[in-house]
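Across the two complexes that follow, subunit A remains constant while its partner is subunit B and subsequently subunit C.
Showing the complex of A and B:
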C-alpha cells in the first residue's frame, strides 16, 4: 500500500484500481475458506505452478503503525 | 430378416432379448445391447443421416460414437449418436437434416451446386449489402440445421457427485487396465473410467495375433486381476469430458456429473483411426477398419458380403483376417505401401491367398441408387497423392480404411501437453504433460500390446512413486520397436472432388487448399474460415488430414501447422448436467420448528431459511404482512435475527483495529454502549454494516449482515495479518441465536422475564448494551432502533435459542406479542429509511451517495477506504439515494430496478419500494441525479412498458422523522 496520506491521487488510484497482470512468478493472497486462514503463495502464472506457500508474518513483521504507512510492507 | 454372426461374436448383445423400435417410421428388430446403428446394420440399413451442407447420405464411420455421421433425432433428444444410443422397446428414431424423406432428400440437389458453394461462400455472398444475412439466415439455417428441440420436453432429474482419488485412469483399454492395476498398490485408491459399456477397449475387437484370441485372453486376465483389487473403482459408460487445473475432472455418467479430483491422472484415452481421402470416401459402406471389427466382435453384425480393405499398415491385414474368419469375401487388400514390412498377421493373410495390391490406392468409390458403396476404382500410385490414369473397378459393398491413427489428444492438450509431428512416423505425438499427468498406450504412440502394457506399468510406477506409495524407480522410457501404423499421405485428390476431409461440415481437399489461397494460412484461421473441425466431432477425423494439407499448401511442416485447440467438453454435454441439482448448504436457526409451527412461510436468504411472514388463518399474504407491521407500530412483536453475523474481537488493540477497519470512531466509545458500524472497501464503496457493542474495554461484539458475515470476518483477518495488532478475531455467527423484540410494549414484555438486567429507560438507554442472565440463559442484550420502535436484541448461545423464543412468547402472551417475518421487517425498516446493503447499494455506492456521510469519521489517521472517500468528496456526487412517496394508491407500485426517467433519459433507478401500512402511502428509495435530490422534487418512474408514475422526493425517515419513538 502506498502512503495513504502523502501519495498522489494518481498513485492512490493506481493502487486501488489497477493491478499488474504479470506473466511469471507472482505473490498472491490465498485464503483457506474452511478456516479463513490467510497465507501467501508464489505462483507462476504461466505454468500455474505453485512455487511455495508461506505465512504472512514472513512479509509483515510486527505491528504496523498507521500514522507511518511506509512501515507496512507492500 | 436379420442375420447375425454366431456366438462368441457379438459380445455386447443379448440374443435372448428381442427389442422392436422404429426408424423413419419403419419397424426394426434388434437385440438387447444393440445401438440404433447396429440394429439397422443387422437389417442391412446403412443410411443414418444426411450431411450438413450437401445433404449427402451418410452411415456409420467409426461405430465408436466419435463422428457426426450417426446423428439422429430421438423424440426429446436431437443429435443423438446412433452408434452410442441403445435401443429400447418402442423407441421412435428418425434421421435428421433432410427435406422429404431420408431416402429421397430434396436437399441433396445442393451437392450438384457444390462448385458454387466454395469455402467461405456464406461469408462472401452475404457480407454485403448490410442486413442481407439477417434476411437469408433463416432460410439457410433451415437447410443447414441439425435436429429439432422438443419444446414440450418434460423435466428430468440431474445431479452431481464429488469423488476423490489418488490415481484416476481415463480409458479402460489394455493400457488403462494395466495402469489401474499397477497403480493399485496398498493404500492407493484408483478410479478407472471408460466410456464403453465394458472394459477392454481394443482388446474387445482388435486382432493382436494370428489366431485372433490373444485380446480376449489378456482382457480376462486383466479384468480378473482388477476385480480382485478392492482399491480399484471402475466406472463404465462414463466419459471424462475435460481436464481442469490440478486434475479436476468432469465425468459424465447418465444424468449425473461426477466432479472428480485426482492427485495423479493417467490418460489412456487411446487413438482414433483416421479416414483416407478419396473421391466419395463418405459413402455409406466406407468405414474405418476398426469399425468393421467392432461390428463383428461387439455386435455380431456383418459389415457386408464383399469387402475391399484400404490399408497403409499391417492393421488392415488384421481387419482382413477378421472379415475372412467371419465368412466375408475379401475382394482385395489395397496397400498404399510400396514395400511393406509385414508382421505375422499380414503374412498369414498373404498365406491365405487373399488378393493384395501393393502400392495401390482406392482412388474413388462408386454407388448406384442404393446410396451405399457398390464398387471402388483402385489405381497404382505414381507418387504421393497421385495415381495412374486408369484403374481397376472392384465390386464390393464395404470398404474398410486402415491408414493410421491420431491420438485422442483432447484431454492431454487441455492439461497443457503439446502436439508434435514426426515426419518419418507421420504420427502426432504428445509432449510436455504436467507432472501430475501421465500417458500410456496408443495416445502415447504405442500400439504393440507388450509395449503398451510395459508403458502402462511404468506410468503407474511414476504416479505411485510421486505419491509416496513406492520407492522403486520407474525404469526406462519405452520407445516402439514396431513400424509406424500411419501412412504419411493417404490423400488422393480427384477431378470431381468429393474427397471429404471433414464429414461434419462437408469440406473437401480443395476447400482446405482454397482457404489457404484466400490468405488464411494459420490453422486456427483455416478452421474459422472453412469451419473445418468446428462440427460436432470437433476435428477428431479431420485435424490430421487438415494439418497435412495446410502444411503441404503453405510449404511448412505439419508440426509447424499444428492442430486447433481442443476445448472441453470432449463430447456433447447436456445442459441439464450443469444445471442439475448441486450442493447448496442449508442453514436453519435454532427456532426453525417454532416458525413452522406458527405458520411461517419460509424463504431462503443465502444459505439461511427465514420466515417471510406468518400465515393467519385464511387471510391473504399481504394482509398478514400488514398486520405484522401494525402490531409492531402499535403493540409488540418479535423476530428471529439469528442469521445476523456475529464477530467477537478481544485484545488490547481492539478499538484501534475497529477504527482502521470501519468508518467510525471507536476509541472513546464507552463500555456498555453500541455504535453503528459502516464498512467500506479500499475503493470507498459501502460493503457491510452492523452494530459494534463494547462489552468491556478490550472486548467487542460486532454484528454483520446475514450474507456478509463470512466476508467481513475474512476481510478482518486479512487486514490484521498485515497490521498485526494485538487482538483475537472469531466468527461466532453460528454460536449465537438472536431475537429482536420491538414495539411500544417491548419493555413491558422484557420486564416479565426473569433477569438480572434492569430494562428501565434510565438504566438501559437507547444504544446501550448489557450482559446478564435471562432465566439462567447467559445473554447479550442490545437496545437498537432496528424498526424504529423501542427494541431490544437478545443474543444467546445457539443451543438455547428456541428456549429463549418460548420464554419471550410466554412473557409477551398477555400483551398479544406476535412474531413477524422479513417482509414486515423490510417494510418497517424502509419506513425508517434504513438501507439494506446490497439491495439499496451497488458496486459504486459510497457513503455520501447513500446519505451515510454522518457515519464516516474524517479526523482519524486512517481507515480502509478513507483515502478514496476523501478523494471522492473533492467532487459533488453524481447521484444520491433518496426517499420518495407516491400519494396515489391506485398507481401501479414501482418495483426494484425500475428506471427513474428525465424525458427519455435514464437518470436513476428504484432500489426498494413498498406499500407502507403505517403511512398508507407507497414509499421507496431510489438513486436520482443531484438536481432531483432536494426534498419536494418530482421524479418520474417508469413502472411498465407504457406506464410512468410521478413520485415526490422526501426527507428520510418517512416515519417518525425525529426518531423519538425508539428512544422512549
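Showing the complex of A and C:
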C-alpha cells in the first residue's frame, strides 16, 4: 500500500486501478467460503490450472507493523 | 444491367475477386501500423484510408481476420447506456451501423429488432427509469414499459408470477439491433484493402521499439517494420500488447461465455436480457437462439467453455423461455473481455506520443465498432482527440474521473 502521507494521488491511482494483468502464473488470495478460510494459490491464467495451494504462513511470518508514524515523531 | 447479370450467371467461370490483400511480404515502412485485425482494427484502417487519405497502412493480425472477439461476441447493438458520455458515443455508433451496408455496398445483415431489458425488482425499475430519462434526453429511443406491453412485445416470454424472479417491468429500446459480426469485419477489411491498406494475417507483434517516447518500429514474427504511428486494437490482449510498449493499463481479463441452440423458425423478434437472472437471449437470422452473458468468476486468458456456465445460462434462459427446454445446444464458446474499473473503454492517447490505444472493450466492443473506427482514425490523422472519446482517455484514472457506466452490460456483472 502506498504511504498514506507521502503518496501523490497518482500513486494512489496506480495502486487502486493499475494491476498486473499477467498471462501466466500468478499468486492469489482465495477464500474457502464454507469455512471462511483464506489461503494462497498459484494459478496459471492461461491454462486455467491451479498449480498449488498453500497456507499463508508459508509467505507471511510475524506481525504486521502498525505503528503510527506520527506518534513516533513526537 | 440485366444482360450483364445474365452473362455473369451463365459464365462457366465466375469472376472471383479477392476481398482482402493476398499474403505478401511486409513493407519496410508504414505510416500507420494497426495491431489487431478485428472489427475495430479494420474499421480504423478503413476510415484512415477512405476519409483521411492515409493509404500506407498495415493491419497486423496475429491469427486471422476477425477471428478473436469479433467472432466471439453475441452481436448486440444498442445505445441505452447510462452516462452522457456513453449514450452519446454508442448512439452515434448505432447511427453508423444503420447505414453500414450502404457505406460498404456489402450486406452486414443489420436488423433493428429492438432490445428489452427486464426488471425483476423495485430497484431495477428505478434504475431503468433513470436510464430511460437519460436516453430520451439524449435522443435515444428508450422507455419504461409495463407487463402488458412486455407480453405484446415478446408473446412467448414467461410472464408467470410463480417464478423465483417474476418480471415486473422492462426497459424497451427500439433502436436495439443485431448484425452479422463477421460481415462487419469483412466489410471494413474489404473497404480498407480496396484503398491500399495491407492486411497481414498470421503476423504477430513481438516487440515495440520506442526511442525518445516515440514508437519507431514494431518487430513481428515476419520481420521488422518501421512506422509513423501505432494503434493497438487487440481487446482481450490489451494488457499484453500495451506491456510491450511499457504502458500499464487498468484492465483485468475475464472470459465471457455464450452458446447457441439448433436453429428454429423465427419466433423471437427482440433481444431480451435480464440482469437479475444473468442471461440474454435473442434469435439470429439463421434461427439459432443465442444465449449469452456468463462472465467467469475469476480472471483468465482462456476461451474454454465450462459446464458451470452452461448450467447457469441454461437455467436462466429456461426461466424466461420455458419452450427452449427441448432445444439442443450446438455450440458454447468464450471470448476474453478487457474489464475496466468503470465499465467504459480506454481510447485515445497513451503516454507514448505516437501510440494510440483502443482497449478496455469489456463486453461492449462490437456495438462500438463503427464509431471507434471514425473517432480513432480522426485522432491518428489529426492528432486531435475527438470530443466523443475524450471522456474515455487513459488519463481519467489518474485524475479519478471514471465514467461509471452502469448500463454497460445487458446481463452480467
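Here is the rule we go by: the second predicted complex is superposed on the first by the 66 of 74 C-alpha atoms of A that agree within 3 Å, B and C clash if a C-alpha of one lies under 4 Å from a C-alpha of the other, contacts with A are read in each partner's own complex, and residues count from 1 in each chain.
In this text, a residue touches a chain if its C-beta (ideal position, glycine included) is under 8 Å from a C-beta of that chain, and two chains touch if they have at least 3 such contacts.
Predicted model, so just to flag it, every value in this text is computed and none were measured.
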| item | value |
| --- | --- |
| First, second, both or neither for A:17, with subunit B first and subunit C second | both |
| First (subunit B), second (subunit C), both or neither touched by A:31 | first |
| Subunit B versus subunit C as contact partner of A:9, first or second or both or neither | both |
| Subunit B versus subunit C as contact partner of A:63, first or second or both or neither | first |
| Which superposed partner A:45 touches (first subunit B, second subunit C, both, neither) | second |
| Contact breadth on subunit A, by residue count: subunit C or subunit B | B |
| Partner chain(s) touched by A:54 [first = subunit B, second = subunit C, both, neither] | neither |
| Touching both subunit B and subunit C, residues of subunit A | 9, 13, 16-17, 47-48 |
| In the complex with subunit C, residue positions of subunit A that touch it | 9-10, 13-14, 16-19, 21, 23, 45-48 |
| Contact footprint of subunit A on subunit C as seen in their complex | 239-240, 248-253, 299-302, 304, 341, 397-400 |
| In the complex with subunit B, residue positions of subunit A that touch it | 4-5, 9, 12-13, 15-17, 29, 31, 36-38, 47-48, 56-57, 60-64, 66-67, 69, 72-73 |
| Parts of subunit B lying in touch with subunit A, wherever the complex brings them together | 245, 416, 653, 660, 682-683, 710, 713-714, 717-718, 721-726, 731, 861-862, 866-868, 871 |
